[in-house]
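For reference, the structure discussed in these notes is given below.
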Amino acid sequence: MSEHAHSSAHPEAAHGDGHDDHGLAHTTPVWLLVSILGLLLLLTVLTVSVTSFDLGSEGNLVVAMVIATVKAALVVTFFMHLLWDKKFHLILFLTSVLFVMLFLSMTTTDRGEYDKDVEAFRAAQAQLNRK
Amino acid sequence: MASPSTTADVVATPSSSDSDNYLTHDKGIASWLLTLDHKRIGVMYLASVLTAFALGGTFALILRTELLTPGKTIIEHDTYNQMFTMHGAIMVFLVIIPGIPAALGNIALPLQLGAKDVAFPKLNLASYYLWVLGAVCMLTSLVTSAADTGWTFYAPYSTTTQTNVIPAAMGAFILGFSSIFTGLNFIVTIHKLRPPGMGWFRMPLFTWALYSTALIQVLATPVIGITLLMMMVERTLHIGIFDPTLGGDPVLFQHFFWFYSHPAVYIMVVPGFGVIGDIIPVFSRKRIFGYKFIAVSSLAIAFLGFLVWGHHMFVAGQSLLAGSIFSAITFLIAIPTAIKVFNWITTMYKGRIHLDTPMLYALAFLWVFTIGGLTGVFLAVMSVDVHLHDTYFVVAHFHYVMMGGAITALLGGIHYWWPKAFGRMYNEKLGRIGAVTVFVGLNVTFFPQFILGSRGMPRRYYNYLPEFQPLHQLSTFGAYMLGVGFLMTAVYLIQSLRKKPDAPANPWGSRTLEWTISSPPPYYNFHTPPTVTRGPYDDYEDLVYDPKIKGYVEKKSGRAASA
Amino acid sequence: MTMVSPLLLLQPATNLPKFPESDEFWMPLDASVTAHDTDWLYMFMVWGSVIFAVAIFAAMFYFVRVYRAKSREANEHAEPSSEHNTTLEITWSVIPMFIVVALFVWGFQGFVSLRTPPKGALEIQATGQKWKWLFDYPHGTEDALHVPVNVPVRVVIHSVDVLHSLYLPNFRVKMDAVPGRYTDLWFQATKVGDFPIFCAEYCGTSHSDMLSHVIVHAPGDYEKWLAEQKKKLEDIPLPELGKLLYQKQGCSTCHTIDGTRLIGPTWKGMFGRTEKFTDGKSLAVDENYIRESILDPQAKVVDTYPPSMPTYQGKLSDRQLSGIIEYIKSLK
Amino acid sequence: MSDRAPEVAETPKSSSAPPPAADHGHAHDDHGHDDHGDHDPIHAANPHLAHHFDTPQQQFDAGKLGIWLFLLTEVLFFAGLFCAYTVYRAMRPEVFVYAHYFLDTRLGAINTCVLLVSSLTAAWAVRNAQLGQHALLKLNIVITICCAFGFLGIKYVEYHHKFEDGLLPGPRFAPTEQVWELPSFKAKHPEAAEYAERLVKRAEKLEGSKQGAAVPAPAVLGGAAPTSSTVAGNPPAAASAAATGSAPLAPGAVVEAKPELPHGTTTSAGTSPAETAPEKTLLSETTQNGEGRPTLEQVEPLIAAGVIGPKAENRDVPSRPRNAHVFFSVYFFMTGLHGIHVAVGIGVWIWMLLKAMKNEFGPNYFGPIDYTALYWHLVDLIWIYLFPLLYLIH
């Protein structure tokens, strides 16, 4: 069987230029992969350096998350081939993100809503300890 | 293109015991334990799940016996608490969730798709052994000092109680992955292994239901995994996520838990919808009514099921805002569910109804599930839920849905596919008696609990006020009846395995692909990969009953006529 | 009742709550201003469900009777009929839609009124602990909830150990007691009497024995009762006071006075006895040890017993503490 | 040709119209199943093609869908932790500000880069497999594995520091250094650090003269434990800590762990170390000293980090925010679980390397590499979020 996999006749034949769609799936050219890495590293540097500026209470968090999401998008689109892959896989991935958002938002909202009860209790206990 | 009539020729050849089938293809225990054949894995699942069901059922009977009198009847406080915990955990994680998808689904799904196997046979076997491993963990907890947290593992009780919670939680954790892998396998199988000609709206409703279920399994189950993991770590390392004394929040645990466990309710019952959707048209000899609505409503339920988890927490300290949102969406689920019931009923209209055992279970399902569904509405109404929450009303409601929905459908499915899976016909008379006994027992057991609940009897109670005793005793009597029904069923089913194969390829006159091959199916399912040219419930009149083989065969002229 | 659990035996059987007679079939006697709305909505749904269910079952049985096939040999075929009907589908989707929307609105309104206590409601602190409800009053804590009739009462709930749930069936109210935070419920009693309280959130061994009473006092009686309690606690001699607290503060749930072992060590002959602690040290029980164990139970836990006792810090006056100590002394 | 059937199955909305006839290779008769198709050219030509698939394309697509579904579950598996993070960050921002000074951004950033590089080599490896470039494939896999080990190595270093500095989740949390003593803090807010020191000095001076009762104040202020630096060698505080002992837990933790619960802060002596007495005295003393109001630069960072309360009377004894340990619970849980995923990834990559050694991969069979790479990218993806969330808190 290894002979067969060896027979490197068709690879070259099928993929003279690596940027086409022969074979089972798309092949990503090296230059693209490398430049994506470059971008990612750049963004990493950026997100680190940004933290030294004060952009308001939530500002920094928002910026950090935006940058992270851009990086994630790059990885998903190019490294993970979603750009050329079946759309259904993209739908699946976005679904998962959607459900995570749903989970986070509802839970956090509710927790925020009743935080006052937690704080009130703590305050009362502090009172109690004074007596 | 392989014309349907050629497929029909395959049908026409009645199964003969000597022909090579998946049961006789290989011999020896190893050939079963290491099999990659979806049918054999399905059979192993079926056996394991039913064994677990027997165990959980025994617990139920002991619990009901204990409740014959207030105070001690046969067991102590703690034993009772541990037993209802294990009853819940076993029934939910070991029986109902894998029940229909993993057992019946594994047997029937690839056949309904005309496929040679599921997409990932090794993964399929792996998920079975994960089930076994999970079961072992549960039993470890059971035999050491069984968890007494209730199957919900609510913190901080679960993080502080003295009993052996970790193995039980670990069991549930592992079973979660077993369920994920089954779901994943089915989704890929349905996407990639459908035969030519079978578009999405030519899939049997059982397949549709399993598809919706699988989506929930894949999306929701990981969350229970991480939740139980956090609970276990909280218990051992006190990380302070859920434990209030360390700055944690018990209500947060409930959010985490129900984000999975509410969708899990649909993991349990949607496959049941599928079974009923397959049985009713076949035994009414009539095309299913509103096929697309039934099919799509499964997806709708699956999706909506994710948006309502908070309705388990109306009085748990959840905020009014969250509560109202969850309540509002909860009501929406009533709609697709109602649509299904109406369509099934309408399917029977002007049909020609055969009341064989599977159909009896389907009718039982319609009755019981209607009650279960309607009482669900009570609990979605917030002000009423304040009174009913955590009372026997809830217990009755979810038993009507779980027992009445999931288990009745499971039994219906077992009786429907039994001839296909094992090539044997069970004793029809006993089958009908069994179905009726189970149906009556179910109502006698759980209906009184609605009254108990609304009269204020809280759940998970070992003692109770004397005035509740009559209803408890009635309920217990019903439970014994159920026990008898199940025992009887087990006996005649096992009995049927011991006679020589006598099941025709198509005893009920079904149209779905699994009935076009011999019973039991050949090792490789389909000699000629089928090509589909009609819907799963079309042209029943093209089948004729052949008394000699006690089964249906394709009517040659019929094709010509309609062609 | 013939057989009762050992834990139940500790309370005199007369202490078991009992539902007042009710002429309703589904619900216990309604005794609060909000109960009526809840019951109405409940009964509306009961009858609605009956109509729905009966319609479905009737259709089911009718079809089975009329369209029953004779035999398989007969090879009967279904009569031609449409295989789907969009108008029908939409009808039976939209009609239930309207019904459930109405239900949601009513349920929501009811819930909002249940969650918003009237201004100036009488406020009472409730504490859930394994396995006892305690209610704070000016004179100290009681094991039963005493309220005046026709006065809105807001119960502020918390738990010292695990989740509990304060459930007053006759008032159609329920709220979880969550450790580490407050929750609350309110009701306004409309009937004088003695109503049961349950714990509705599973909390362990004696969950089902975590019962109590709501005592609704006639106008004026409530104040009278408060005064009596205050007086009683001041007058009675210390050991008596201790005995009283032993029953009312939930001590009896875990400590016996007859030498039998429960969750905690028995009080019989405890004073002066040398106890060995989980940390290996040991010590003869004296006033200081008892006082410490009540205020800071985890400090010295007697060996072989779980460290499950809640603190009574801030719940007992010095006189009450001395009372308990004297009572324990008296148990030779 | 015969991959049309899956094509039909492809899009969820595909019409129910029968597709053109599809030749499904040759059927297996009852005996032909073990040896893949003497009568089946496709299976004969593709030794890796499983019997129940008709074409390599179908098998590859199935695997791809499968792995994507698995990644779906991974995302939701981590969702629980991200949810816990969001909740606690929303409720207790000061804890996160406080704790992030303890994290080493440099190492975090390096690790990010390491993972990104490994992602590149992983993606590249897929290309190599597709093109049957066996040598390059092996090389890229090896680099990926090395990066993975590097990542875990750096993580180990970080964990080691945390353990040494007592930055453990839950009750074991007992930092050896106060936040304002950290270089990372001093660098950012010198004035604040200096101001905090001054407050500590004064508190200690005062405690010298004050009764033991007053001492646990730092403990209760914002619910933080007395730590070596604040109440070094301070008998009553130690006593209170010891006495409160919910036995198994470390002293420091107990006091801090339960500020909410009444018995949390009581001492065996029954003395009640409360938020009142000490503050008052300290406050009065402050006024006696006639010090001016502290500047914004001095207090703001400390308030942000929950070291001192926003109210003036809480500005006497700096301490750490209540439940600071929760951050480290989340930190260890998230990074730990991610680390486990990396470790698993290493295992799979090694397996892939072994297969690559046998030159199994080529244009018609590179699924395993592709799937492994996808998994690896997801692990990278999660880290891309973990890094800013845990290390880059402003």
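In this document, chain identifiers A, B, C and D correspond to the written order of the chains, with residue numbering beginning at 1 in each.
Basically, a contact is a pair of C-beta atoms (placed from the backbone, for glycine too) under 8 Å apart; a residue touches a chain by one contact, two chains touch by 3 or more.
Keep in mind that this is a model prediction, so the values were computed, not measured.
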Shared interface partners, meaning chains that touch subunit C and subunit D: A, B
Identifier of the chain whose CA centre is least distant from the whole-structure CA centre: B
Geometric centre distance via CA averages, subunit D-subunit A, whole Å: 15
Subunit B and subunit C: spacing of chain centres that average the CA atoms, whole Å: 34
Euclidean distance of C-alpha centroids - subunit A vs subunit C, Å: 47
Residue list for subunit B, restricted to those that touch at least two other chains: 191, 219, 223, 244-245, 248-249, 251-252, 255-256, 317, 320
Overlap residues in subunit A, where contacts from two or more other chains coincide: 88, 95-96, 99, 103, 107, 111, 114, 117-118, 121, 128-129, 131
Two or more partner chains touched - positions in subunit D: 10, 12, 61, 65, 69, 72, 76, 79, 83, 87, 246, 260-262, 264, 266
Complex interface listing, subunit A residues touching subunit D: 1-2, 4-6, 8, 10-12, 14-15, 18, 22-25, 27-30, 33-34, 36-37, 40-41, 44, 47-48, 51, 54-55, 57, 59-61, 64-65, 67-68, 71-72, 75-76, 78-80, 85-86, 88-89, 92-93, 95-97, 99-100, 103-104, 107-108, 111-112, 115, 121-122, 125-126, 128-131
Partner subunit A, residues of subunit D touching it in the complex: 10-12, 45, 47-48, 56-57, 60-61, 64-65, 68-69, 71-72, 75-76, 79, 82-83, 86-87, 90-91, 93, 105, 109, 112-113, 116-117, 119-120, 122-124, 126-127, 130-133, 220, 223, 259-262, 264-266, 272-276, 358-367, 370, 373-374, 377, 380-381, 384-385, 387-389, 392-394
Residues on subunit B engaged by subunit C in the complex (per definition of touch): 69-73, 77-78, 81, 148-150, 154, 156-157, 160-162, 244-245, 248-251, 284-293, 314-317, 320, 323-324, 327-328, 331-332, 334-335, 338-339, 341-343, 345-346, 348-355, 363, 366-367, 370-371, 374-375, 377-378, 380-387, 389-391, 451, 454-456, 458-467, 509, 540-541, 544-545, 547
For the subunit B and subunit A complex, residues of the former touching the latter: 191, 219, 223, 249, 251-252, 255-256, 259, 306-307, 310, 317-322, 325
Subunit D - residues contacting subunit B, complex: 4-6, 8-10, 12-19, 21-22, 24, 27-30, 33, 50-52, 58, 61-62, 65-66, 69-70, 72-74, 76-81, 83-84, 87-88, 92, 169-171, 246, 249, 257-258, 260-261, 264, 322-323, 325-326, 329-330, 332-333
